[in-house]
């Protein structure tokens, strides 16, 4: 049963090996002279004195949450799409119900004005 | 690493890799910047030499083309940008104003950018033709290919 | 056009009309001209008449206000002469918004102080620059060109050249 | 070397924004791909909204006015080329007209026509650089390649007539540098036929492009009163519905004899100014066509020996020619005392030259009234409460050249 996973294992090993080799080579062969001024944050040529970490406005949080909800919804489509042929009609109706609920949520957010930025 | 058959061929390989993918920082100051854009567009295509990707931030670029006149107010900023570029880095001083202060020998300009950053190739002209900048880039590429493996620190 | 008592001198130079006004009454003169339709201040600058033999100048610094009437397309140049170290004159940034940066540049390059200007700081030169470059007694600077006949004069001020 | 750190660093103010987040002070600094030069804007951001802008300029200050005072009258032409490096012949024209007005000299008609040709060619090449760079900043990558392909043909024409691609120094006090060669006239003829087709290509790329329209319509609004009060000029004032074009209102160098329309639009936003500049390119081609068809023949320089060197062959025969030649190239000519202001219409707006002469062979004061310096002040009023991404479109539409701003 496990041997169907061997290609994925080989694939992972090749990826890790290649990336590891490249990073190691560039670390060994490339010159590196870090000093304070080079590591200072780049802001169009001016070195800022105070850090840029400031409290952000709440709109960013709202947008982030909306994105996560609909992104997770999209993730559920993948397994469903793969098995759609076996699930036949039942699968289709089930997914439509699932999407319907989320569409109601989207309409509610839209009407409440959560999407426009001002 | 001593000089033996392995490191020289590796050095040639590294030099070839670095030389053919020199990414310039988009450091357009004055009139030479317009000619630099000409070099990047279709008629004289710098993309054939691997330098098409003019990066906006110094973090991703390894060649600074100082194209234009450097005023006294801009000098510390130019030095900061040069410091923030990762090693190995090179500088092309494009145009007479960047190389020697050019037409303006007065209080406001830095008489030559080599007063604050080490320059590898100077390009004469005010502004130089796009082909001159291409020639300077090819000279720089020969020099990079000859460098091979650079010392670690 | 404007009240006679304000005008010190009037003339035409190479086709351009100009009027000289006392430096103290520059605001009233410009306010009057603005009511008459000269609503656009094309530019404001200063001319340094140190060691200038072409005419006897009442003072060293000559401030030049170029006004334009967009409807009748007339132009008028208002001059005023100021002296002193640093020379003082009233700011007109509230009547003509473009004057804001022009005055900062004139302060930066000539050292003319405009009273009650909101933010009279250097605009072109670095903030800690010493001296006002466009004055005639400020050397042109830059590097001395070897073997040039102006080798010595290049560095020294004009009146001591 | 003055390493000023005070003016360089930024401190973050702590006021709170509209939705509780703190204002973030961001440095839209001198080394930035989309500021059309080394402009620095200290921007206070509330989330993505701009609350306040403080432009800091001077990073390309070249002391051109001081340099002009140290050069002789005919040498200063070289310096006038380089402050607005997108329209060098138009700067020369302003300086040349000013000196000629002081000397009381009139240029022969053929020189006036050649000056109009070079000014219109420069206007097209300046608008092409604006269109290319503004397009690529808003994501339209291919428009840059198209625009700079046409600009190469204009630069080839510059090189044909004056031997130099960009800073031609072609227009000088007393006339022009050299007569137009037949090859130049043939290139100009082909250019005036092909250019309208190329402009159609740009319009197909951008005018109906939904992304371009979404990024420019309604952005950078400048009302007619603001434009008039702030002294904006060029496409900035014509974009707000005021048809003020110096070639029509105060004609110079024979512009009154050409018929062309002043491109205005009362859309007051970036899209209106984009349409204006496209229309201005079409009008410039029309002027070039008329100038080429009616190019008068005759001398191209004033025959005033005091001002311009005598032709070479005369040097062998006449003694006066040698004396004039010697005096001109050692001391140069002197201009009668006085001051004059001449304004010409450049691609950006009103580029004027105020010249003061004290009778010696060097100018006492040369002041360039630069259109970008004044249009930049309108930036604060246009960009308030816009998003930071629209800031890029607004800097683009102001079409400021930082060499022109800092002189």
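Think of it as A, B, C and D in the order they're written, each chain with its own count starting at 1.
Just so it is clear, contacts are C-beta pairs under 8 Å (C-beta built on N, C-alpha and C of every residue); 3 or more make two chains touch, one makes a residue touch a chain.
Computed from a predicted structure; not experimentally measured.
Please tell me the distance, in whole Å, between the geometric centres of chain A and chain C computed from their C-alpha atoms.
60
Averaged over CA atoms, how far is the centre of chain B from the centre of chain D? Could you give it in whole Å?
28
Using CA atom averages as chain centres, what separation in Å is found between chain C and chain D?
Those two chain centres are 24 Å apart.
Measuring centre to centre with CA averages, how many angstrom lie between chain A and chain B?
37
Indicate the residues of chain A shared as contacts by at least two other chains.
Expected reply: 45-47.
Enumerate the residues of chain C that touch no fewer than two other chains.
125-126, 129, 133, 138, 140-141
By residue number and range, which residues of chain D touch two or more other chains?
2, 4, 7-8, 29-32, 58, 61, 63, 66-67, 70, 406
Is the way these chains touch best called a line, a ring, a star, complete, or other?
other
Can you give me every chain pair that touches, using the contact definition above?
A-B, A-D, B-C, B-D, C-D
Could you pull out which chain A residues touch chain D in their complex?
43-52, 54-60, 117
State the interface residues of chain C toward chain B in the complex, per the touch definition above.
Interface residues on the chain C side: 125-126, 129, 133, 138-143, 145.
Mind listing the chain D positions that touch chain A in their complex?
On the chain D side, the touching residues are 8-12, 17-24, 26-32, 40, 46-48, 387.
Hey, which residues of chain A end up touching chain B in the complex?
29-33, 35, 37-38, 40, 42, 45-47
Please give the residue numbers of chain B that touch chain D in the complex, ascending.
Residues of chain B touching chain D: 26-31, 33-35, 37-38, 41-43, 56, 58, 68-69, 71-77, 81, 103-110, 115-116, 126-127, 129.
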